[in-house]
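Below are structures written as structure tokens.
Each of the two complexes below includes chain A, the first together with chain B, the second together with chain C.
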Partner chain A sequence: MTSTHGPIITILLVFLILTGCDQHKATTKDPSPKTETVTSIAETESEPAYGDMIIRGTIGDASVLLPVLANDASSFDITGLIFNGLVKYDKDIQLVGDLAEKWEIADDKLTIRFFLRKDVKWQDGQPFTTKDVEYTYKTYVNPKTPTAYATDFLKVKEFRVLDPYTFEVTYTEPYAPALTSWGQGMLPSHLLEGTEITESPLKRAPVGTGPYRFREWKTQEKIVVDSNHDYFEGRPYINRVLTRVIPDPATMFLELKAGRLDQMGLSPLQYTRQTNTKWFNENFRKYKYLAFGYTYLGYNLLDWKFKDKKVRQALTTAIDRDGIVKGVLLGLGEVAYTPYKPDTYWYNPNVKKWPYDPEKAKQMLAEAGWTDTDGDGILDKDGKPFKFTIITNQGNQLRERAATIIQRDLRRVGIRVKIRPIEWAAFLKNFIDRRNFEACLLGWGIGIDPSQIDIWNSKKTGERELNFITYVNPEVDTLLDQGAATYDREKRKEYYDRFQEIIAEDQPYTFLFVSYSLPIISARFHGIKPAPLGIGYNFDRWYVPKHLQKYHIAP
Partner chain B sequence: MGPYILKRLLLMIPVLLGITIISFGVMKLAPGDPVSVVTDLNPNMNKEAIERIRAYYGLDQPAYVQYAKWLKNMLMLDFGRSFAPDSRPVIDKIMERIPVTLLINILSMILILAVAIPLGVMSAVKQNSVFDKGTTVFVFVGFAIPTFWLALLLMILFGVKLEWLPISGLRSLTYAELSVPEKVLDLGKHLVLPVFVSSFGGLAGMSRYMRSNMLEVIRQDYITTARAKGLDERTVIFKHALRNALLPVITLLGLSVPGLIGGSVIFETIFAIPGMGQLFYQSVMSRDYPTVMGILVIGAVLTLVGNLLADVMYSVADPRIRAAG
Partner chain C sequence: MYADFLRRLARDKLAMVGLCVVAVLFFVAMFADFLAPYPPDRIDVEKILVEPSRDHLMGTDPLGRDVLSRIIHGSGVSLSVGFVAVGISTFIGVILGAASGYYGGLADRIIMRFVDIMLCFPTFFLILAVIAFLQPSIWNIMIVIGITSWMGVTRLVRAEFLSLRERDFVRAAVSQGASDLRIIFLHVLPNAMAPILVAATLGVASAVLVESSLSFLGLGVQPPDPSWGNMLTEGKDNIEIAWWLSLFPGLAIFITVMGYNLLGEGIRDTLDPRLRR
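Now for the complex of A and B:
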């Protein structure tokens, strides 16, 4: 795997799983969509038509096509076309039914009753029932299943099937993220029951309920899926989706230029400098929307230098985050201030932002006891100079460049920073797991559900756990627990708003930026409607008007 | 000859065993393990789940137990299952990569030999001439040019500007619907750039080697004798000198047998070719022990067999060695 490693990918998964393909009408519109379409030609309205194929480029091959076993974005990109969960997020990031028609939460908030759609069939013709849901649940909690997604399901105390289309789950305590967890792809029990899931042929030739059915997979070359004519939301317009694996982004861009790709993700450089020709403007459309993830500089709070929050506030004040967005992302991103995505419901815009001000930063550091007593240009305290090393994972250029800008900014206030990129496996084992670092530059995916207990709770500081900077704040612990136990959205937001205020005050991380996703898509595809969730949510409603169709694919 | 080969074959067993122990040890020394690569910094993973997965792969046991298990399976030619999320049998993962890797490596080896041998011979014969110096510059430029850069330039020229050749991959999208000759043509078109780029860098070594061999041979007494007999220069060079100068190439070919299944990561990445280089690189990066070991074992066996083949071929080709042996 190359640039985006584990952390970004993992939370993204949940998001990817839930962005199946659908056409639900918007229910509410609380967050103003920050998405914008960049296009020079007006979209001429024409009749949707069946047919054609879309060829997409990806840098990494999928690893396994069963959602329970997969843990990389490339796999979920494909399984998202083939499988459905019981619930999903609509374009405005509202939880809606997918395979479930509706659900009821009992008054004690412990039991959820799901009512399944009765018109859903597996792609081999078998009906989809609670038997499949039960099998899926049991597979996730089975100790012999090597899955990354057991945690939410292990909180289930009891699973009761009431009839083929109704079932109930009971939790030991109210747990709001539970609903989202039922968005995991449902598995066909009639094909998997009684088999060893890790050895099932379905890993490489899956059968789902989704808009596309599996056709062909040539390892490290391509994955082909065809439209499912019996899809319960209606047959998708595009007949075939071909995903080509091209590991090198430069090669991928050349394929796009040669007209052999219809869709790829652009780098900021390609977006701003290389795709503004007449040919590109006529043949492609570019989109940009905030990605579900942020990049941060995390301080090891066990390190004496970073124990004082005044120092951390000063460090943030000393870092020119607008400069990082401009220099590293060429302006294609936004400064992050809290661990939530700026255009979502949960984001609290009214937190302390610590704007860039080197003079003020120096003053704050002096207040914290850091001054240059020996005149060598480096701040010191108790005879020790302020020097530290930022570690980051090797191969992620954005992160290495951001670290370089931070190095320059901190030098200006008298702090010496070294940068050390380390190979991913060694990075985790020898540095993060052992708390053997001063500061680290990494990214998190931003989950759609606002629960962030795993990252900020003081109980999650053990080895291999995610609060590896050892952030301890009892009020945050309480707020996060209350948030996770509350189903009421408005009430829940109050907890997370306060949580964000505290995090902004404490600055255990310097939140750096949220970058834009920059897909470019051939102009012959119509029906793409950017929304807070991105563009993929209504993929089955994309179409190519009859006269523009390029490939003839037998339906 | 028979007993000699048998002895060499028997000697391979302890050597191979040693290689696997060292490989396994070095791999285990590398920080990180296949589970932490997947589970660390994963918000969905709790400690319990991590332990579950470690136990599933047998990583909770001491290293020597893991090695013994692996060796036991290996003796029955069972390469085991990959630790990657796909859990596929290692042998399947390797076998699906080998044909294309072999094809490209053999083609570029042939191209290298076909170009480098004449180049080397001519350089030696016309030592210090303009041709010799020009060739030297040419092959070293080839050696020095970064593969990825040359590949991108050629892709832009032949793929985007002229549209003569495909840019990347192995097959066109319509490959399945083509007739057999069209398939061969299609595959051939896709292979032109990769084979050219991968041989360009290899010209330097082989042609320099050929040149120095040839220079060595030309100075020998028997060449002087041949000339003294009044043989024309063509016969002297191509019949008497070349055949002797070619002998060491056999060793070189023997040594490159394991290289035939090895691939280059950079080059496969640029051309989007699903070869062994990418598989090995990805396996090492994700600490996929069974796959790494599988590839190393196959590589080790081929190295040993290649050495043996070279020795045997050498004695077949060179009567002097046969007499001494």
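Now for the complex of A and C:
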């Protein structure tokens, strides 16, 4: 959930959520095998009880509460409580049924048959059937629907309803991310059929099948959801979830201290310096796990300075990434080398790492033709000095600080860098979309499925598409297509391993770091069990023992 | 006359305090490279948010940079923004005020209505809107502050001109066939210098404040260039654990603004014949 992210991840997910990571549950709930609970008092077992309310802080307000239209983490954070997909990831990042009871994949890997649960009801009492799935599918592939998640569904050749609880989808070619893609939130056809989805009142007052039902949304202030007593997995213990929008992390922290928040994501400084008091140890628990996302410095490959991969390798070699992890994240993160999350199955640790070495970087730049011929301390080539501007989104202090360290490191090898933080909307519209930048400091969320076609395929370079650095490598295109068409996990990994080697060699990005998610949660909440998928996966099983309950919410 | 003015100014203790503050600021800004113990952008990840100590008299910021050095280098930013902005606003104000006051009639009415219109806008929000269109940078800030704060000067200059143009020395100049420009700039304007000087001095103080506010909001001087305003932003975010990040840049702004205000008011009191003892 959003509140479990530091501001850095929230901002990257809010706006550039990967189209590949349809599994918003996965991306927003921060899974990692290395989850760690930091607490002084062990959680004592006690009787689960219904009741109480959890108040969570979030930096940004949701934009729309229908999963098909949403593309930011704040919205998915809420829709994840209200809607279900056909499948979901369990705590160990294994795909399991959610609204689907089971599924069968045909031997040719082209057809998948889903069997739906028969005991699922929409929150208004209507039964959930294949009619809803069909409507959802049609909405996603409708060119008039403004959704970022059509890609996976467009691969479907045929959608066949067999009976109210069984349906079949056929793909034109084997498509490994297919199963994952059905984790997208299902929409109620009886409320939406025949209406314009972008005009639907459900955008602000959704009806789903999930553990919580919508109650109230005050823009830029709060969103309230109440527990769904008829939830097919059983009534959730916590009666109400109140999500408060507090745009400033420092203010949010003060609210936490004042007892007006139960959960928020801490910044590295708050985690290391401000929450170690006795009061915090007694009243809160802190968690720490690698976020599903990374921060990078991307080079516009249309710019002549960055066309030579030798130059990009030298730039990476010149940047002290350990220093960034230490100075910006206070050690609460890891250096990134590939676009996959370390310690997940798909990560390839054996790629070229380009360790920090300013002298070697200078030498590499000299080999690429960049030397200081006029003695002004700035490298030049063909009479032009090596100067460029890094743009980043305004208000993300961690990114601005990382850029400052990069600026210093590159000055040491004779490259002058300017930093320009730009307000987000203008940043996307005037700079990223128009390819009007030299280098950008940004982040991506990492999906659980390894397919990253949208970011690296040479055909995804159109306006508003995600390969905005214009990375073109035919071998990568082939590998990613092969990876997507392969169901066999080990075979598939070979393709992605090779893909990571090529990316590490080409260095279209300088991969900077993967930071830790640092959620802090009031100690009165029990049942939180950190797992590879983070802590949010069993939110409906969190509870407050009767004697600790703080708010009395009528069920 | 000037000797008399200076003697009386020297007797005004508060004005002298202001003058000293301003002089010290100039000195610091000019010799920042020699005075600062460290380069302002020297990052040291081993010394993040260190309390004030002998090594770092005002502590360090979240990147381990020395706060004292950054304040010293920030003084140049504040002063140059103050002076350039006031230069622009005074220039516009004098031209429009002189035209309005000297010619009167239709020109006067048009200019004064324009002043009224400009005064209707809440200046700070006008600046915010303009900066949102342009990109925030130190140059844009100077220009924008300059072109949104000339109205006061215009009214002052107009008032001076209205009374001065009726004086005998102006009539004498007219009768001798002096051109309008000559009369305005060589005869009338020098006699109107005193209120302009006061307005300009006070204007610097408010320009410094506006620059700090804009930088505080992230719309002014862009990091990593140090400015007192953007240092305060970092201070706000860490106020619980690093008081020095808020206190020292805040004090710097306070002292600077107070210095200019004291000086400006001192000059005004000295020039005001009604307060003459």
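Annotations
By our rule, the second predicted complex is superposed on the first by the 521 of 555 C-alpha atoms of A that agree within 3 Å, B and C clash if a C-alpha of one lies under 4 Å from a C-alpha of the other, contacts with A are read in each partner's own complex, and residues count from 1 in each chain.
Rule of thumb we're sticking to: a residue touches a chain if its C-beta (ideal position, glycine included) is under 8 Å from a C-beta of that chain, and two chains touch if they have at least 3 such contacts.
Computed from a predicted structure; not experimentally measured.
For the composite obtained by overlaying on chain A, chain B and chain C can both be accommodated side by side without a clash.
In the superposition on chain A, A:63 contacts chain B only, with no contact to chain C.
In the superposition on chain A, A:355 makes contact with neither chain B nor chain C. Of the two partner chains, chain C is the only one that A:420 touches; chain B does not reach it. Contact with both chain B and chain C is seen for A:250 once the two complexes are overlaid on the shared chain. Greater residue coverage of chain A by touch, when chain B is weighed against chain C, goes to B. When the two complexes are overlaid on their common chain A, residue A:377 makes contact with neither chain B nor chain C.
Of the two partner chains placed by superposition, A:369 touches none, neither chain B nor chain C.
Once chain A of one complex is fitted onto chain A of the other, the partner contacts of A:48 are absent, as it touches neither chain B nor chain C. When the shared chain is aligned, chain B comes close enough to touch A:203, but chain C does not. After superposing the two complexes on chain A, the shortest C-alpha to C-alpha distance between chain B and chain C comes to 7 Å. The intersection of chain A residues touching chain B with those touching chain C, taken from the two complexes, comprises 250, 423. Considering their complex, residues 1, 6-7, 10-11, 13-14, 55, 63-64, 69-72, 75, 143-144, 146-152, 198-199, 203-204, 218-221, 242, 244-248, 250-251, 254-255, 257-258, 260, 423-426, 428-430, 432-433, 442, 444, 447, 454-455, 462-466 of chain A touch chain B.
Per the touch definition, chain A reaches chain C in the complex via residues 249-250, 253, 269, 273-274, 323, 326-328, 330, 394-395, 397, 400-401, 404-405, 407-408, 419-423. Residues of chain C that touch chain A in their complex: 41, 43, 45, 48-49, 62-64, 132, 135, 218, 222-224, 234, 236-241.
Those residues of chain B that touch chain A in the shared complex are 30-33, 36-47, 49-50, 52-53, 56-57, 81, 84-88, 93, 96-97, 148, 152, 155-156, 159-160, 163, 166-171, 173, 268-272, 274, 278-279, 282, 285-287.
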